[in-house]
């Protein structure tokens, strides 16, 4: 039997390390974020922006070229590449510590080709976050998953499609059976998000309905990317990202009726400073 | 005989609900905003941005592709689609709770085709806000209106063209006759805007000449979209949007000679928090 | 003999009117800003942005289409049109109260065609601000000027080319002779800018070397556009724009080593509020 | 034997001059920034933005046209030109006081052609900052360097490639031998950056691991460009830019876990004001 653990500020102190003085951008990881077709460019922009504001060392968006200009107008700190260019995709995914795939990727044939290419390249030492339409593509096509540190970030309907468990039947026991088959961490997004790791279940008891607006999931995926690239313990990195996302939203919601995803990410540098380990 | 009702802060408390804890972005509606040709892209950007900052759950701009990049550079939270792509237009309009048509749409043949396509798709359960050049297209071509929760947002000259009533003759009695024929709520924008619902006339007695600048109407249309998508009572949603738009402007105008439309929308999350229902 | 008048805050109170309650965007003028080729798009963006922040009612940039997206990403409040589209240029220039021509226009054949087209359309009731490369085009080609309320905004070298007076010889007497031939107000930009109207000479004794950076002139041209479109007395409008531009820079320079043009324009709404007439 | 000098706030007071009242944008130099291919557009945007915020008088980005719109959306104060247009490149490089080459330039054949063209044009009176991929191109192809005020800004691995000295062997003595062969100032970026001028070695003892994120080097290159264009003593200008970059980061890092490059540059006008010479 699993005892549910409730996330508190402690997960932040345990995860967010005071940066060592002798370090460089390579110390803080390379993140490759894959998604953003011609309709959903905003999703990959938000995921990439969230990873940059999380502090990951080097960030590249692999996306439809239609999104290059809007991304750079907001965020010159990130690099861009065409996700349909096989050579660029290969070198960038290979060089990454963490790959985030899914935000705004879509479910077209092109989306599928990009997903297949990434799945073939990923190696066991890498962390792969599978989000949004990438989850749907896996579910629809019953794709074989690569061996890697896998993290899935479905909302309840995406989890139904991926796991085959109807929303009403998504009990911890049922969810854990599928989680073990998937052999990855599952962030099941809901009013109160749960995180299923290999050995534990965690409950995120913070968060606000002011977050219920488009782009929140893309932002979380980017934060999970930025945190896993920087912090060694991959489970803690996921937990800290989920918790920080909601805690920042709670703070903003004290003054705001709705909290926009881009507002959350812009608070990250100050929030993380306040909650870094005191060593 | 109708008694004119004067809008006060009460309309905000009556309309803006404290969000239920158990909710998700779908709870707060899908808004589809249609407009923005190659000259007036700013209009659809402002309408969409206003809907997002109002708190609507999911927002898509159906526009000329020339506007995709500028919109995403400002607002990655919104999705985009080409208004001349019939398949995209059909699926997006069909899925929406609220459709806003007109900001920067223009009056070309293409504008007309887009309008016709939207009018064919709209169903009685949806709310359709008809603004700007969409009003002119209806007037010029004496178009048959779809059956839906209709909201018209003309200024006085657009109302003259739509109603056939000259500005000098736009009395409440005359306006109401046409309003009943149109079978929709009319927001008649003027120094003191009046709102004609099926049963009442409301006067917006707030607002400032600092608002007299391009883009104010587009912003209001987007806010009406965002409010009607979120709040159940459609008449109250329209009234609250009109009133909030002017009240925020009044606050900003205490320090500013001119108030830009984008400044108003960016205040919405804080303003709405202060004025939400106290339940 | 002319007595030199030194500009003070008084020119602001005399010019910036408390807005009448019963007014609409048309009350505050239509400004058409013409310029911005494929190298100098920033110039027309800054001029247009300055006019919008000055409070002009309706603002359109007539520019190379390459600049549409960057302009709208910053400023959805403005409209855009292709300056090489004769029909659009004709209707927009004809409808304007004030036309600003020159910021980033360049001196190519295309630039010349655009200038010629505007000069043909301008009518005596309109105000035409001739700035930057438009001044050079007039000087190089000895162009006949249209009959209108003309305002020239040369720096000293541009004035040398336009007037034929070498910088060292630019005395008030010499300048006034050419000013009378040109039959327009001359804003001669220098460390201490002078303004030559039909009957007076004014000295702008404020301003800071922190302003010595690219784009200041484009911003001033846009402000002159925005002020002349709103305020009836055209000489006072020019004087107030020149003075406000430097006074805001002085305020910002108390804390800044360099003052960027876009920072000046963003202060305009607050600055103008503080200095509006007390009637 | 060289005594290592430790940089302090004194270098700021010695370098950043109170601006003379009688001056214009030409007084503060022309900077031409060359780089930004279709992947790394953000790099040239950041370098250019850093030069503008440093106070350089006129700034032009010579880059791939794909980057024009994103640059102007952020920064209308800069001009743009296509780095593959030989006529534009020639006139702009020739007119510049300072040229920065390398940020996001890449190492393709096109990159090489651009670099060769710039090297051919540079004259002894100009300052040329060689950064990023320009360093790699010089190293790979053993290019002959032009005669000019040269500044190299390698990190340790780039210095290994340029100097042939392995990172472990990069002692002051070894570095100085190569520095003298290169006949330029070397800014060797590391946890504690060292600057090797013709006669001295300086240590930058400030800076924070919060800076360890993509774009920091591009930003520094742009600042070195902006400072050398404005301040007469070229060595002091380099030293002050390096020191200011880290000192601003230290201030921001008091509140932030990560400091983004664009946040550093936006602080420059206020920081430089506080540290200008007290004459």
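For the reader, a short list of remarks on this structure follows.
First chain written, first letter: the chains are A, B, C and D, and each begins at residue 1.
By our rule, a contact is a pair of C-beta atoms (placed from the backbone, for glycine too) under 8 Å apart; a residue touches a chain by one contact, two chains touch by 3 or more.
If you want to know which protein each chain is, UniProt gives these names: A, B, C, D = ADP-dependent (S)-NAD(P)H-hydrate dehydratase.
Predicted, not measured: the structure shown is a model, and the values here were computed from it.
Listing every chain that touches chain B and chain D alike gives A, C. Of all residue numbers used where chain A meets chain B, under half belong to both copies. The two sides are thus made of different residues. Centres computed as Cα averages put chain C at a distance of 35 Å from chain D.
Shown for chain A are the residues in touch with two or more other chains, namely 69-70, 73. Of all residues in chain C, only 16, 19-25, 27-28, 52-59, 68-73, 75-81, 88, 268-273, 276 touch chain B in the complex they form.
Of all the residues in chain D, the ones that touch chain A in their complex are 38-43, 45-46, 49, 66-67, 69-70, 73-74, 155, 190-191, 208-210, 212-216, 253, 255-262.
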